[in-house]
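Letters are used for the chains, namely A, B and C, taken in the order the chains are written, and counting of residues starts over at 1 for each.
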Amino acid sequence: MDLVGTFVFAISGAMLGVHRRLDVFGVLVLSFAASSAGGIMRDVLIGAVPPTAISDWRYLATSVAAGLAIFFWYSPWARLHTAIQLFDAAGLALFSVAGAEKALTYGLDPLMAALLGMVTGIGGGMARDILVTRTPTVLQADIYAVAALLGAGLAVTGSWLRLPLVPTAILSALACFALRVAAIHFGWRLPVALTSRDPRDDAAT
Amino acid sequence: MDLVGTFVFAISGAMLGVHRRLDVFGVLVLSFAASSAGGIMRDVLIGAVPPTAISDWRYLATSVAAGLAIFFWYSPWARLHTAIQLFDAAGLALFSVAGAEKALTYGLDPLMAALLGMVTGIGGGMARDILVTRTPTVLQADIYAVAALLGAGLAVTGSWLRLPLVPTAILSALACFALRVAAIHFGWRLPVALTSRDPRDDAAT
Amino acid sequence: MDLVGTFVFAISGAMLGVHRRLDVFGVLVLSFAASSAGGIMRDVLIGAVPPTAISDWRYLATSVAAGLAIFFWYSPWARLHTAIQLFDAAGLALFSVAGAEKALTYGLDPLMAALLGMVTGIGGGMARDILVTRTPTVLQADIYAVAALLGAGLAVTGSWLRLPLVPTAILSALACFALRVAAIHFGWRLPVALTSRDPRDDAAT
């Protein structure tokens, strides 16, 4: 499951890289960052070093393959924004669930395992966006980290209830994916704090 | 002391998040990043994994409470810039001192413990600013990292002289806070290198 | 070799800091970040904590010395852009090779050691650029990460063939440096993916 998540996140990173007209190596770096930063953060935080993404060459190979595929077969006619968002949602779902389960394995308590699952899910996207100096989607987008937390939380709850692992993981990931895609489709957004400020002022901050 | 520092830094992060019109979860992520990134960096660097901010739920609870408080009771009439700076200065003072003392406990030599104290103090603010793609205050502001280094250095010196822990910590934190607030109030700044360049050129860099 | 790399990378960081008109402490933070971030990333990833750059005061002293030297003797007439790029290329070469060799020492397999050498080389520059909210050079520049990978790969190959350590390291670093400088001089660039998009559109992304 980790490798599938790596692949789809790598695609989201590569698409952003191509979109920003990075060169082929920049695209590969961005696809590796998008696909591995979350897992690396989780592994460093729970003390599982060297992180799987570093010690296991299959993760690197997967992200390079995804990056090259996008680089060479990137269709300019693709509805780019939507495609990036869909792959991003799938990666988010897979990583949040896998991340939460790995944190549980390392003995973290359920609340913190859910949090680390969320970090695994959103870390790659944050690294990807920071690398191209864009405010991370997670901080602004419609129901992004919430979806990650939902997936991670369901996985942790399932483990706590001793439900069978694989169906729980699949359902948790689907719930996360569905919430994120519904949020994109229907434009659901979390509330913004009420201020009397005019939004246009913010540019000056 | 760590929890108090967490609270005030979380407030500074939440205020910036509200100011940038992030949604409620974005505000919480920013308050967690501002309050925990410095401590997490320190813990990862000294090998104390999982970091306290991850393994102890009280840190998360504190930053979430601070973030929600700001989100719901954010007064648009607050003199925002000043308030963020004051909370930031308090967090800086508390974290620098606590960070230096934790690094000493892990057996680092005094010079490096003072440096890690400074990292603990400025790390949260740097992470907060980078997340909203703002050049970190620490690199530009009046006497920011210097104040953190003063607090951390005093705490390390006190420990080296075997002075009693609590009074030393309080005085070190007060010295750091006072220096930072004085620098804000009087507009003290560190010198910038002399160049013949016209500042207006920099926009093009 | 690590200390020489620290020095030249610190100079590249300090020059960027002066160029962006940071104050003296900001310049020092930027020179420390540019010179140490790559090595710290490598050490955290392979579990060598506390990282050398933190536990050995000579790294800090070297980067502070380089930062102060640039701050006080920065010549406004220097051909700034070229100078930063040359120092950056030298640091890249030294760090990639030293990083790959350290990763080998910690038992990583050759492919991953070469990758970590590249991370060591490009990490400092990425941290430096992110701190001043600039899209990292590595993602856009002519043959940057490729040169790092070449140096690291040669060093790993040499070690695998049991060639003598010092000549291998020097030749690997020279190859990396030469490739990078040639790429700058002749304007070599890696290809960008073909899209039908007008480059001017990207500003709106």
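Basically, a contact is a pair of C-beta atoms (placed from the backbone, for glycine too) under 8 Å apart; a residue touches a chain by one contact, two chains touch by 3 or more.
In this text, all values refer to a predicted model and were calculated from it rather than measured experimentally.
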Which word fits the touch map of the chains here: line, ring, star, complete or other? complete
Look at both sides of the chain B and chain C contact and report whether the same residue positions are involved, with over half shared, or different ones. different
Centroid distance [mean C-alpha coordinates] between chain C and chain B, Å: 27
Can you pull out the residues of chain C that are in contact with at least two other chains? 44, 130, 133
Chain A - residues contacting chain B, complex: 44-47, 108-109, 111-112, 115-116, 122, 126, 130, 133-136, 138-140, 142, 144-146, 189-197, 199, 202, 205
Partner chain A, residues of chain B touching it in the complex: 17-27, 29-30, 40, 44, 49-51, 54-55, 57, 60, 70-72, 74, 76-77, 130-133
